[in-house]
Structure formats: C-alpha cells, structure tokens
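I'd like to ask some things about the structure below.
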Amino acid sequence: MPGNSFGQSFRISTFGESHGPALGVIIDGCPPGIAFDQERLERDMARRRPGQSAIVTQRKEGDAVEVLSGVFQGRTTGTPLALLIRNTDQRSKDYGHIAEAYRPSHADFTYQIKYGIRDFRGGGRSSARETAARVAAGSVASMFLEAQGVFCRAWVSQVGHLQLNKPYAALDLSLTESNPVRCPDPDMAAQMEALIREVRKDGDTVGGVISAVCTGVPPGLGEPVFDKLHADLAKAMMSINATRGFEYGSGFAGAPLRGSQHNDAYVVEDGRISTATNRSGGVQGGISNGMDIDFRVAFKPVATIIPPQESVDRHGDAVTVEGKGRHDPCVLPRAVAIVEAMAALVLADHWLRYRGQGHFQDPEAAQQDAPGIRDFPHP
Amino acid sequence: MPGNSFGQSFRISTFGESHGPALGVIIDGCPPGIAFDQERLERDMARRRPGQSAIVTQRKEGDAVEVLSGVFQGRTTGTPLALLIRNTDQRSKDYGHIAEAYRPSHADFTYQIKYGIRDFRGGGRSSARETAARVAAGSVASMFLEAQGVFCRAWVSQVGHLQLNKPYAALDLSLTESNPVRCPDPDMAAQMEALIREVRKDGDTVGGVISAVCTGVPPGLGEPVFDKLHADLAKAMMSINATRGFEYGSGFAGAPLRGSQHNDAYVVEDGRISTATNRSGGVQGGISNGMDIDFRVAFKPVATIIPPQESVDRHGDAVTVEGKGRHDPCVLPRAVAIVEAMAALVLADHWLRYRGQGHFQDPEAAQQDAPGIRDFPHP
Amino acid sequence: MPGNSFGQSFRISTFGESHGPALGVIIDGCPPGIAFDQERLERDMARRRPGQSAIVTQRKEGDAVEVLSGVFQGRTTGTPLALLIRNTDQRSKDYGHIAEAYRPSHADFTYQIKYGIRDFRGGGRSSARETAARVAAGSVASMFLEAQGVFCRAWVSQVGHLQLNKPYAALDLSLTESNPVRCPDPDMAAQMEALIREVRKDGDTVGGVISAVCTGVPPGLGEPVFDKLHADLAKAMMSINATRGFEYGSGFAGAPLRGSQHNDAYVVEDGRISTATNRSGGVQGGISNGMDIDFRVAFKPVATIIPPQESVDRHGDAVTVEGKGRHDPCVLPRAVAIVEAMAALVLADHWLRYRGQGHFQDPEAAQQDAPGIRDFPHP
Amino acid sequence: MPGNSFGQSFRISTFGESHGPALGVIIDGCPPGIAFDQERLERDMARRRPGQSAIVTQRKEGDAVEVLSGVFQGRTTGTPLALLIRNTDQRSKDYGHIAEAYRPSHADFTYQIKYGIRDFRGGGRSSARETAARVAAGSVASMFLEAQGVFCRAWVSQVGHLQLNKPYAALDLSLTESNPVRCPDPDMAAQMEALIREVRKDGDTVGGVISAVCTGVPPGLGEPVFDKLHADLAKAMMSINATRGFEYGSGFAGAPLRGSQHNDAYVVEDGRISTATNRSGGVQGGISNGMDIDFRVAFKPVATIIPPQESVDRHGDAVTVEGKGRHDPCVLPRAVAIVEAMAALVLADHWLRYRGQGHFQDPEAAQQDAPGIRDFPHP
C-alpha cells in the first residue's frame, strides 16, 4: 500500500518531485456546490511560497495553480478536483554533487535503500516542495469548512530558544500575517526575525514550534477508537517534513498534573453544554466536544546548511557535502500555511465521515437531551 | 467510514464494550506459517491486566483469550485470526449513577451527542478496556517481528513531576519488569511507586510519560509522503486513551537547536552505513534508516477520581459526580504493554507494506550500492 | 492487503474456518439507534441453514448468533457489532482423507500454494460456511434499509436446464418461501425440486441462476467512476462461493440490441421523473435512478460429488477422491439468503457513502429541478 | 468515500471531465525500477483513440500523455506517476442543447440528482472519455506484468447478433489488431464491420461482447474471501461504461451442468500440477491456479443515437433530444484496450498484494509440496 493519499471521505492524493515537470494533487470527495475561490487559493499558496520575505529561501518557484477538473461554472461538482503546479525554477544542474552522496539528516539514503533508485534532484519526492500540493488542497478544504463557520489558524510560537509563552486566548491572531515570521506577538516576532537573520548569516538553520487552534468545530467529529480526531491530527502534522513532536490540549505539560487539577468541569453556558476549562483541547474520547481544538507541532532545524559536513556516498566512501544557497534558515514562517492546510484536511474529512455515519434513529431519546445539544447542527 | 480498524497490510479491527458480553479483535493479513505462542500472548495480557499489583486498579477482569480462527496445528494460516476476550467482572449496577450524567473529561458527552445513544456502563466503547484487544493483537504482531529480530520495548520514564532523565542507552531495560511501575531505574521506580501510592490515598490520579525504543528495524520501512513511519507511530500512540503528546528522536527538545548541532552524520561501521548520532530517531524522510527508533508518549492523569465533582447531565441540569473504587491512580504501568503493542502493529504493517512494494528492478544500479546496503535484508 | 472485509462506510469483516471453534463478523459503521431485531436475524439464518429441507445438505450446523457488542437496550449504538456463530457439528475426522489430496474444483490446491499451509478440515476458510457470517451481517443491513423502505429480494430462477422465463414483475415474490427450492413459480418449483432430488440420487450436483430485485432505492446511490453501484453489486455477488457470472438490467441479452431499442425514455409519473422501461436495471452511469435494481447471478454446480474422481495430492501423486455424504446437491435454495444479504450490504454501504458526500450547496440551482426531484428523500 | 480510485497496492486515481481542461491519472504503488516505455503507452492509447478507423467516432481527441512524475532516467522510482492528457477538441458549444435536458439512458439525470450540479458538456465526468486515463494506467501495469510473463489480451467476440462461437484456444489472437473491429476471426470481423456500418447509417448503435484471456498468471493471486480474483475482475469490468454483464470460466453456460461434468480434474504435466480442463477459468476459491484466466463482458448499445427521442428536462417538461454527429455506432472495437487495461490493473494489484502477504514461514512443510509447486515463482 502506497502512502501518497490522506483522508477517507475528503481524500487527497499528491504527486510530483521537486525538479520534475510538475507536482499536484487530486481531491476526491469534495462536496458539490462549493463556491470555488481562486483568489483565496492563491493567497494561501503565497503564504507558503519561497521568496516571500528576506528570511526565507530565495528560490523562485512558480506556484501558479491550474484547476484541471471538478469545478464548473464557479462551483465544485462533486467529482475530483485536480490541481496542477508546474515546476519552473528547477536548476537541476545544482544537484549533480549529490547524485551519489547522502546528505546528513536528509532522505537520500533511505530512499536509495527502499527503492534502489531515486530522483536526487532537490530531494525529489522527499522535498518539502511536495507541501505546495497540500496547501492547495487544504485551501479547498477551508473553502468548505469556513462556509460552515470552522476556522483553522496557526502561528509561530517558538524559534530556537525564543518561546511565546502566552495562551492563544491572550493573542491577537489577526497580527500573525503582519510580520514575516508569522508570530502574532510583534515584540517576540521582532526578536525571532533577528534570530533567523543571525542564523542565516552563519549558513545555519534553526527549529521551532508552530501552534494552532481550530474554532467553530461542532461536537461529534472524530471516530473511535483508532481514528480519534486528535490521532488523525497527530498523523497529519507528523507527516509534514521536519516535524518531531505533536501535543494537543494540556500536552506534555499535562503529564505532571493530578486528575483533580486537570479535569474540565462541564457547565451550561447560553443554553449549551461546554467546559469551564479546556485542558482536553476540544477533544474527549477522540471526539470533538465543541470547544476550541488547540495543538502544537515541533520542527527540527532544516537539514540543509552551508558549512561543509562529512558524510558518505552510496558506495560507502567518505565525501564532504556542502550546502548551496537559497535554502530556508528557518522553515517555520512558511510552514504555518502547511499546518493550517493539514488541519483543515483532517476536519473536512471528519466532517464528512460524521455526516456519513447515518441519522439518529431514536427521536424519543434525543428529546431527553438538553436543548443545547439538540440544537447543535448535525453535519 | 468507521474508525475501529488500524493498519493496512497487517490490519486489526477491534470490537466490544467495557461491560458487554465480550471484546476482541480480528487480525487480517497476518502472514502464514508463524508459530503461534499462546503463553507469550498470556504474558502480554498479564502486563496490562488490572489487579496485577497494588498500584493499579483492583478490578478483576477476565482476560483469557480464546483463539477462534486463523491458527491450525500451531501455526498461523494466513486467514483472519479472531481473538475473543469475555467480560466477566462487569458489575453493571455500579454505573447506574452515570447513565445520564456527564463525567468530567470522560467521553460520555461526546458519545451522547455523536450517536444519540451510548452504553454508559463503564464508559462502554470509550473505556480503556478496549486496549486489551490491542495488546492481544500486538502480541501476535510481535511473534512475527521478533522472529525477524525486531523488538519494541517501552517503559515508564515520568510519573507526575518525577522524570527519568537518562538516555535509553544508559538504562538496563531488562529491569523494566522488575518493579510494579515498569521503570527500569530501580531508584526512580521506588520514588514513582511512592508517589502513586500517595496519589491513590487522595483518591486522585496522576499523569506521566512512557518512552519506547524499537531495535532491529531494517532500513526501508515507512511510506512517503503521508504514511511516514513516525506519522503512523504518532497516530498509533495518540489513539491510546489518555494520551496528550508524542515526540520521536530529538522531539520538542530539537526545536531550539541549530542544524549544525542537530544533523546526524553518516558513517560506515562494520561495513554498514549508519549515523554517528541519532537525533533523527531512526527515521529519515519518513523511512527507517536502520538505527533505533525511539519515541515518547505523554499521558494526562486519568479522569476518574474519587472526590465529588460538579458537572451536568444530559438534560443540562447540575449534578455531582463521585468516583467509585477500583480505578487506576496512574495508568502508565499498565499502558507500557499497550504502547509496545501499538508500536509492533505499526512495524508489522509497514514490514508487509514494504515487502509488497515489489522487487528492485534494476540490479545493475544496485551493484553500485555499498556492500552494507546490498546486504540489508529486504523484507 | 488482506481480503476479508467488504464495504467502506457500512463495513464488515468476517473470520472463521468451517471446522474451527467459531466464525463470525464485525460490522463497523452501522448507524446508531436502529432497533435490533434478533428474531429477524434468526429467520434469515434459518433460510441459509443446512438441514432446512430434504433437498439441501443434512449437516447440522449450529447457527445460533450471539451478539457480543454494539447493541444496547435493544438498539445499535454506532459502535461495532460483533456477531459470533459457534461451530458445533464439526466431525473433523471426516476430513482426514483430504489432508493432502486436492479435491477437483475446490480451493485446496490454491490455498496450499498461496499460504504454504491450510486448514483442510471441510475446506477451512474456503468453505461456504463463511457465508453464514455474511447472512448475519446482511440481516443487520436489512434492518437499516427496510426502515427506509428499501427491500432486496432474491429467488431461484434456474436449476440445471430448467429456466423460469418470466419477468419479475409477472411473479408473486411472496411465494418464494412457499417451497424448498425458493422459486416463486409453484409449477417450476416442483419441477426444479424433482430435478434436484434426481441429481442427489446420482450423488451429483447441479448449478443454476438466482435472480434478485431491490425496490425502494432512492436515486443517487453509487459512486462514479470505479465504485459504480452495479460494479459493487457485481463484486459482491462474484465473491459468493461457486458464482460464475453476473448481469443486471438487460444483461447479456442487451448485447444484440440496438440503441433505439434499448434506451429507456424518461417520463414524468405522479410528479416524479422515471423511465418508461427499465433496461438500465435501475442504474445509469453507476448511480441509482429510482427504478428497481434487478440482476442475476450464475452458480456452477457444487464441486463436491459422491462418485470417485481422479486427482493428485500435494506431492504430485495420483489419488482418488471420494465425496462423503451430507453435501448440497444444489446450493441455490440456500444461496438465496446470501444473495439478498450481499445486496443489502452494498446498498447500506452506498446509502451511507451518499449521505457522507455532503449537502447540496446551491439551493438556487436546486430550485430549478422538477418538484419530483426536489422531493426525493436525500439520504 | 468517493469512488475515483481503483486497486489497493497498485492504486490508480483518475480525474477529469470530457470537456474540461484535462484528464489524467495518478498511479500510486507502481514498483520501482521498471523500464518506462513511452512508445508502448502511445500504442495502447491509439487503440482506444477516436478517429482510428471508419467505424468509430470521428471526434478528434488529443490523447498525448505527459508524464509529470514518478519516472527518472527512464525508470519508475516507486513514487506516484502522474499522467496528464489535455482535452483539445472540446467544442463545448455542441452541448448547449443538453444543459437542462436528460438524454435517455445517459447519466445526466442521476448526476443532477446526486450532486445538484453537473458539467453537462459531453457528459462531463460520466463520459467514456474518462477511460483514456484507465488505458494509460493499464499500460503501465502491463509494463510491469509483461516483464513477469503475464499477458492480458481481449477481443471482440460478439457484435449485435453476430457471435464468434470458437473457444479462444482455437483463435489466432495475433489477428485481433488486423482489422478495425478487433475480432481475431477475419471472416467474422468482416461481417461485424458490415453490421456496424449499417447501424451507423441508421444513426443507431449496437452492443456486443468482449472476450479476454490472461496468460502466465502464477498460482496464488487473489485474496479470500471478498477480494477474490474474479470478483475484482468483475468489478473492474462492470466499472467500464456501458457494461451489463460479466462471466468467467464456464460462466452462465455452467449453470445447467452437473458437477460430474463441470469439475476440472487435477493432473501433473511437465512436473507441474495443472487441470485437464479449465471450466474454473483459472481461479479456484478466488485464487489463481496457474491456468489461463478467461472471461467475457457484455456491452449494451451506446445510448447516443441520431434519431430524435422524447425525454424530459430538469424542470420535468417534455423535450426532444437529438443526437449530434461523431459518436460511436459500436463502442466495442475501442473498448478492447479498456478491458485489457482493467485486467492488467487487477492483476498488478493482486501480484503486489500477494507479495505483501509475507513469506512462507514453514520451510519443512513446503518441502512436502510437489516440486512443481515449490518451483512456482513466488511473487
């Protein structure tokens, strides 16, 4: 079983190598009748695009997205959308030096041994260029979700040792796009940007953490027992290049606590059942409970650095690998759009899976539920 | 799409409620010809079983496993194995008080709203009792893997604020089973046990962290781009009840580092290509590289506590929920077996998926690989 | 990827060998709140059961079905239903003679070569005993469908050379259960029964055809392009033991026709759009159109016969295989329940898949549809 | 769950509408290292292409296939192949007349009611133009299979009432491509061609049957119990536009026979176990037995005819639908390539699934098998 598809009901399949003719994605299962917003798609692509600011790679990738199918008269038709992104700035000659060498902490070695052959140009299929297709697909998922009032927003909350230690409720997320780092706290953003510039000067790279919150998620999304909503979010995030960790709600910080400190008390607010605190991160038993879903994703520093590194080639001989220009000193500002895209894909998929589970069949029992429950929109 | 199955080539489907007649699992895709070791299965079940020590719940669950199919003359046949576990100590009367109430940080509310009906006895399907089926299935996966030299071992590395801050290479993992906490450091284990006893005395619970390492994994396991090996491990672990976070390799601690500090240099050792360090956690580009795969899983404190808690019922009315006896003050000692089981299920699945990708078709190119690479056993 | 599961949204996984301890099925994805009708389940099982009449095998199989999970207070809960059927009349000693021999037109040889090991008792996993699990699952699917007004009915339309050449509209399907052959035409049923008795006297077997019709299917079920409704029906039917052919609507008889003879004209009846004829068999472009769905399934004669047959064993040596008593001279009367079960499973699955595709998003466009269309119940 | 993918281990996903910008396919799971033969791909496309002879539609479709990914230095890499086919002769203005009308026996009505919106140009997604993507994917599957000695060959065996009543062993299949009908019997081909010309003159269409045989298939392919090899072939064939029936081996003609006439006796030939006859069609218990796999597929007459037909539009009003030029009087000559492609896709998929089931684990038992069995190449 190959691994280039994600989701079950809202299902994407991506293809393409970093330096091949094109990459792209098929979205199968997008509901019909959704207004397709090409401008919004382009905005999302621009947030992931190289060259968008001074602190990201200066490669010039042509990220124009051509819609090949599935949209008619401005609306989705329920048939597969195919989105095509041509590669235009390939410079394959740059990569002759790594045709046989294994770059440290890259996927050169593992692809070679798994497949016995690899497209070594720019990392081929293992390149983060593949995430362009995810952002395009996630943008379509968001068109669907936002029409239902569901929003996924991510931001940079750590770069290197610089941590933004404020709960998201204390942040003005509308400021995320106001700076090239995509940190909604302007002071911290300035410090982070300075750090990235310093790292870049050294030809080095640095890791960090992206935080995210999904709002407006109705209760009921997520399938027990393996396809818990947070388990699918974990897989989605950990499938992004360079990620090393995932936590939601109280996360690792919840481990030292006691149950009496950690439990979220149910309350009735505005006629709806909700919880007074949200250490559950909006998910209980794998199913959304109507509260915000918040999570964090750790990224390691990008493996491509400028200083020479000792390594070996496929013959087992010692080689020196040198980074060449135009790489990201810190991938997090561009990865914000990818985290949002993957979150939207998970939620759109579970929205449709929930809807496809069938109706409640026992209206009498439902009568006994609190009005707030009965009134929740059943997807 | 329902969510009670896991894996693609080595695929399990579990069923059963906490207080129904039985629970169990179908394993579809287990390779034929594997010697079936019932004693080993029982040993694994005993490690998850309630009542095994003074610091876990004293419920008496009958965890005898009956093999209904798929084994003939002591060997697996390639057809589905069905494993049945009867529920014997159900005491359903204990649960009348929560038929309508929503216990804080449990799944009562989310199941009610998702399905409009729920088996409230002991949490029904949302109970961690379901993990008994996982341990049984994981034991079969381990029978397969260990015959190939692959081992998954987990242990408790944090309980409450007590952290075992040693790298796993500095631990003697054979000591894990020497104490009821399942911490391989005897001193730390004693402290942890004392803490759990104290928490229990308060009728409270406490969270923690389980660490794990998989050894003997050949390079090549894991499917780009979504089904990366660590992404599937993340999903597997986050699907376990009460988990809040997952990290592998350098994890969240890798975020502050620079690329020049973090990269793993390739070296040739004993004629094989390996890496001098292992911040990659044994996985590069989502594919195993032959190094140890290590990861950590955060668990929140168990939601069931003895002191009364304010909550609401399904009618939206205020209620007081009281915990009743026989619950786990700390779930981690019993969860060690679950973490190992889920890791084995992921690896067995990816072993078969790798094998099913087809042969290398270009022997000439393979000739150019280092001898160490050519000699790696191709699953 | 193993092959013991069927369906996507309403998904079953079966297990069990003919002479192992038990067989059964997990149903994952059954909607919550459906009234579970144990009596109906038993009635369906009785229609497939051996020993039900003089013209079927006289084996005594204990087909009592135990519900292990997924039903609470008489209703489905949305969690997996596990249905268990113990094997009680195994007589394993009967099968020693085929431990090494390959019975002609059985699966002994193919299982041996595929798996290197096989449970030879009664055919093991390849035995049609597995279909007991399908009938149990299909019965649950029918509980769901019939509550929506959808019914699947099958009958025997050919035994040997005896063909019932009446369109189903000319038959009184309520007579199907009035005779042991399950042919709704009493005269033809009597002839068929006589033929089966004659065949049985010779220790021989005979094939035939089962016809079926599904009524009340709303338009919109079926997914283009591969999961067309009739394609999934074809797979479902061809997965039943001993089947050799499938056709729907005009079938093979449509091949000689011209388009001008074959096309179904649209008409408006009772304010609804329907077709004047139904050579399309209720499916156009893979999607149901609201008309009856009718199809036919060809069965070969059962392979087990009493007269000695020349064959070989696993060592390649010549052997003589003799049938022993208690086999079916004609499998069709018992297979009627299996055909109905598989049809119900396909329709329940596509009902949920359709529902899970999402809402219409363009109410304005929908306004322009004929009232009859707008009023069709959207699953 | 959407329905635009087929296969599990060798998995294709198609996209595209008849008159959109492009259609195409992603192949995920193609083994690495296969020599990619673009010329062969073009030959296969040419056999399905409109305008190839006087008896098929004279539409001019640009079927040039662009490979966007998954091939490097002339070989497949194990990553997804994306194949793109631009639509060039769209003439959308031709289709204004059916924007609201429902053409008889087309999918206009069912798409409208399922999705609430449809791309009406040329049938949109329901057009047989989609099969161009299948032929492209099937060609890649054949590159893989033929390197293993497996060949799938189809031919036209019936047009209208004209039936080729010879067993395939009596045919010279190398003659299939010698005439525009693709019937390997020259006399029958001439009669069929004359019939198609006559039908075309009337502006009418005619149905028929395509026969096929797969040779060189090793024993062991096919998964019990639902994913039987012939069940997957049935689904594959019935997913092709305009099909109405499928049969394999003895087919519907096997129904009247007795077991003593129908069973295939095992024999040892050239040190291999095979069967003296092949009424099983090369499949026993759903698993290939090493014999030829033969089957037949019935096609209804194409729905598009020139004479005016009475119908209704989406408002329920009566309309007259007239066919316009350039349609196929008989789709069978072009469908031969599609049948071969779908057969190859099924076999490639099951080849990899078989390989991915794991090794035989019991070499001692295997020793006891006939030499012919041990020597069969295990995929």
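Of note:
The letters A, B, C and D name the chains in turn, as written, and every chain counts its residues from 1.
We take it that a residue touches a chain if its C-beta (ideal position, glycine included) is under 8 Å from a C-beta of that chain, and two chains touch if they have at least 3 such contacts.
Predicted, not measured: the structure shown is a model, and the values here were computed from it.
When the partners of subunit A are compared with those of subunit B, the chains appearing in both lists are C, D.
More contacting C-beta pairs link the chains of C-D than the other of the two pairs A-D and C-D. Chain centre most remote from that of subunit A: C (centre = mean of CA atoms). As a whole-number value, the distance joining the C-alpha centres of subunit B and subunit D reads 44 Å. Per-chain CA centroids place subunit A at a distance of 38 Å from subunit D.
Centre-to-centre, using mean CA coordinates, subunit C is 25 Å away from subunit D. The set of subunit C residues touching two or more other chains comprises 1-2, 4-5, 8-9, 14, 29, 32-33, 75, 78-79, 114-117, 125, 224, 353, 356-357, 360-362, 365.
Residue ranges of subunit B in contact with subunit D, taken from their complex: 1, 8-9, 29, 31-35, 75-76, 78-79, 144, 147, 224, 352-353, 355-362, 365. Within the complex, the subunit B residues that touch subunit C are 1-2, 4-5, 8-9, 11, 13-17, 20-24, 26, 28-29, 32-33, 66-70, 72-73, 75, 77-82, 84, 114-119, 124-125, 356.
The touching residues of subunit B, counted against subunit A in their complex, run 1-6, 8-9, 14, 102, 104-107, 109-117, 125-126, 130, 158, 160-161, 199, 202, 204-209, 219-220, 222-228, 230-239, 241, 244-252, 254-268, 271, 273, 275, 279-281, 284-289, 298-305, 307, 309-312, 314-316, 318, 353-354, 356-357, 360-362, 365-366, 368-373, 376.
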